[in-house]
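Read through the structure below, which is laid out as structure tokens, and then see the notes.
Should a chain be cited, it is by its letter among A, B, C, D, E and F, assigned in written order, with residues numbered from 1 in that chain.
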């Protein structure tokens, strides 16, 4: 299977870390490449950033179509441009939110989300309603670290995430936690262990891992987006 | 009040008709201008078109901020880039869906929508869920005319819309109808009259009229978007 | 436009304040008069009061129909007798809840309500469910001041409202606040300013202002209640 | 137990039929009386009629309080003035909708309602949403017979109700039917039998029977309305 | 009426207490017997226990069918095997949850539940969603006493339940309380009185009382489960 | 990975077909075995059958725990005993409904289900509500073939399924279809192709394929059921 990871930001500073993480989760038979955007923003932390990234993402999706890939991961928790991408791709496309949250639904009653900044909380509530799963959504907690600051946090980030998660579990507002930013790389297992030690035995879903394996599975199952939901866009004049 | 209408498409073919319609509905004290996009698509009929239009719209919103306008109407029923625009604007911003549907909620039990192509139906269902009003949403009917073909339809369009609306009312799936494309200019009253004659006495909401007057009213009330929902985007490197 | 304000209480003690407030918000071309009830209660703070006010309100609505007015504002937050009034009026009729809450939906994610007494909290939850918008309803906070005591509170009332609002915002249960009693006259802007100073930058919707301008707008748009939802009552013997 | 039946209409033409029906369903130890209104309407078929009946009903409820009754049935399907009555009564009060629909929820997946005129359909949808049970509500079908015409229909009414019910069951929109007017006296069993013969083996709930026995049961269980939901109305000047 | 109480546990240690409680609530004309299981568990405190009890319960239901009883109470709050029992019984069958919660819906805005162990909280949330009444469900509080320990608690149990209930009411998450275990025998009235003394004037619903009287009422009303929801199971080879 | 497939029926007649299907979908590194029940029913087509199968399934789950397997597929669409199994297993357990429906949610707007008999339709609606995804559930269509008759149908079954699916898509009540019985083995792709040819270009999800790959993925991700939702059952006397 050929998987294209579209990291929907400018610059390559995150590429190596993403490549390592995807490599960690991808199945042996999966070939993948990671691309970034020519137009967009340095990170996505608002509806504004997300909208700016749209054409840059779709440019990369169009290339993926030409390259004959089997699936695309738009590597951002807010699922930017995902419905649009499905309209032009015959193959599965996911962002970070949908595969992680749908996975979490099978693991526990209330799905809590741990994310970066207050800015994205309303976006995530909107996404949950858009998908029709808001009655299962529990707390959304923020660690108040910007996306580009996540990298340097290491152990401190694990502690912050575990602390916020523990509170949500204690208040009865989370039975399973989802890391709500695809930049929180490689910490899910450490957060889970810390929570278990602290009396909060809940699974922690890493959105990158969830997305990569979601696409591999969809590919194996031969499932493609519905053409009565994601119809091909009518042809017209476009200036991207 | 200074109102900026952003027609989120390429080319000026629709500008005069929009200007006339806005002039028809705007209050005496309202000054307005209509701008189109430098980048985007000739019309918006899919999630894809909508995503491509994002940066072009936000460019115009940023100009509106600099020009000190009092409100922005993103003149498309799908509310493209509206949450993003609210993050960077201190003033009210609406698209076509939200003011028309919220208005319709006060007029009847079930809100039906008459729109252009099957492509946009899932977008509209998603929007209704995103706003949390899906239990009041009734039928979404399509006339199967593309946006750019609406203009030449005239009387035939009125008949098509009235026919689809009549069916939705007869099945008990609409008590109030919303025209689901801002390109259906100047036909609402004729559709309403045709429906009333045909035994379906329901109001018909024109999204352009609804949006322009929604903004004027918000201005008069001094209401601006919440800064706990629409936080200012964190500063960062951007290549639009 | 001719607007009739029905203050659904006995006695004229509030009339001047209401007149001033409506005058403050009404458009230049709007003519209005304020009437009170011959039968009803001194204030509305329960389902009981609301039910007692019904026939008195409908009497005034019938007069408004005869007088050929263009819209009626039943000046109470609980929307007493509003569906009934729509059945007998061909023109728009609103109370305080519906225009304020629908307006608030366009301003932020969660709508909080600041109201007078615990007695009305269940009524407001019921109203939100009745309108199908309960997933967007956040906290309902009470200041524990009866309606007829609001008048003398002045600055103290502003402080109380801001304090309750600040708590709701801090708990993440309000992104926009609605004043949940039409007797909280003329304080919305002061409450908003106090909240902004206190780190809670959220809009505050005044129900009187929202209602008056909602009706003016409906009139301009030529929108009337749906006759498949609000059918004319069948003729019959009545002893009001 | 002492039960007061408030038939919320003018005139005594329905009293004997109601008395017979209540006597049929009441337990041996239940004593009851039937009263009508001094003010109100000849029948209730709209929000307007319902609002006009409010004070007349509450007058009778106040008498019931003085008379020391143990429960009140407001004998109309739309539950007129029921929340208000609970505020002033320490004992259980129900209308026709709530006990019939809550009973139906335990009998089958989708609750269909058979009612009189299109006028009341939106009222019933609103009631279902108000009670938070709208996901279980199926079809609402009308027989187009006014309340005061039900009496003379006899066998024809049974046939009409069975025909509408059969259609709702066949479309998969009803697994249990509720007679949606308390004036449809004594026909539930015949409708059920007719439906069973016609291949629609669903229970049919009579609202009068449901209400009378609901109150008897509440009395036996010693259950009274919550005083945090139905608080006593604050004292004030009232002109009923 | 002949009522069969199926206490879905092994051993007779609870039988006498159940018999006394049922006798306390049953109407004079009701004859009842209490049976326990030949296969199952000593108490039901998990989905696991509930699943193990299934065939043992259905065995007793089949006997009840043969014995020609008029109704079955599966005496456990989680409603174990109730939908299955309805498929094979022509008569009404209830557990503890459904009659208690539907009754509570008519008494107050938010239904709180007081139950035994954290283990059953997710089961109860699932049940509320299954019945479609989750928007009315408030807090679920646990006393952390296992079912088989309830018996010896007496006054201490009343105090525990009242304390948990008081907190839920104070937080605005309960207006009516349901005892969430049918083993909390004979304490409802004492809990209610304690709560009223402590400023929380809310009704308390005993699930045994609610169930017994629900069945008596269904019998009197001649209501049986819908055969389009609870169809007879197709014949086949079975090894129970 | 070691996967245990529990075919929750008596007799081995379906084992070979299941084994072939699982082998078809399982990843190279997956080892699996298929077991049937010692107690239960010949097929599961009702709540009754499902309840009877409970202890037999849990017996097999307990063996799976002892055998140290990595995941269990309870091979029936109704997810029998799945929550109970999660309580006693530390590893992932799924039935047919949950993985298929969660997968379908990512493929299109409305999820339609094609199933065997009318008997199971209410079970599936209940399951959708239990999972909180009912707003995305579209039509449930039945082919009226019992589970044990599916095997011999071959091409006729494909045609039946495609016909029912086509109707649901045409009515706008399905954008993605789920085969609603795990006995519909090996037909999903043929149904999809038939639908595409007939103008209904929607994906078709096979529940066996969805479940097997869901478990493999959960294993790879190291995700286990939440212990705050699925707590270990308290120890007690049990007679299975």
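The criterion applied here is as follows: a contact is a pair of C-beta atoms (placed from the backbone, for glycine too) under 8 Å apart; a residue touches a chain by one contact, two chains touch by 3 or more.
Chains and their UniProt names: A, B, C, D, E, F = Asp/Glu racemase.
Model, not experiment: these values are computed from the prediction.
When the partners of chain C (Asp/Glu racemase) are compared with those of chain E (Asp/Glu racemase), the chains appearing in both lists are A, D.
Shared contact partners of chain D (Asp/Glu racemase) and chain E (Asp/Glu racemase), listed by label: C, F. Here chain C (Asp/Glu racemase) and chain D (Asp/Glu racemase) face each other with the same set of residues for the most part; over half of the interface numbers are shared between them. Should one ask which of A-C and A-F has more C-beta pairs in contact, the pair is A-F. For the two copies, chain A (Asp/Glu racemase) and chain E (Asp/Glu racemase), the CA superposition rotation is 120 degrees, given to the nearest 5.
Chain centre most remote from that of chain C (Asp/Glu racemase): F (centre = mean of CA atoms). Between the CA-based centres of chain D (Asp/Glu racemase) and chain F (Asp/Glu racemase) the separation comes to 43 Å, rounded to the whole angstrom. Centroids built from CA atoms put chain B (Asp/Glu racemase) at 30 Å from chain A (Asp/Glu racemase). Listed for chain F (Asp/Glu racemase) are residues 108-109, 122, 126, 129, 131-132, 135, 175, 228-230, each touching two or more other chains. Screening every pair of chains for touch gives A-B, A-C, A-E, A-F, B-C, B-D, B-F, C-D, C-E, D-E, D-F, E-F.
Residue ranges on chain A (Asp/Glu racemase) touching chain E (Asp/Glu racemase), taken from their complex, read 108-109, 135, 172, 175. Residue ranges of chain D (Asp/Glu racemase) in contact with chain E (Asp/Glu racemase), taken from their complex: 25, 27, 92, 94, 98-99, 102-103, 105-109, 131-133, 135-136, 169, 175-176, 189, 200-203, 205-206, 209-210, 213-214, 216-218, 220-230. Taken in their complex, chain B (Asp/Glu racemase) has these residues touching chain A (Asp/Glu racemase): 10-11, 37-43, 45-52, 54-55, 57-58, 81, 83-88, 117-119, 122-123, 126, 129-132, 146, 148, 228-231, 233-234, 236-240.
Residue ranges on chain A (Asp/Glu racemase) touching chain C (Asp/Glu racemase), taken from their complex, read 121-122, 125-126, 129, 134.
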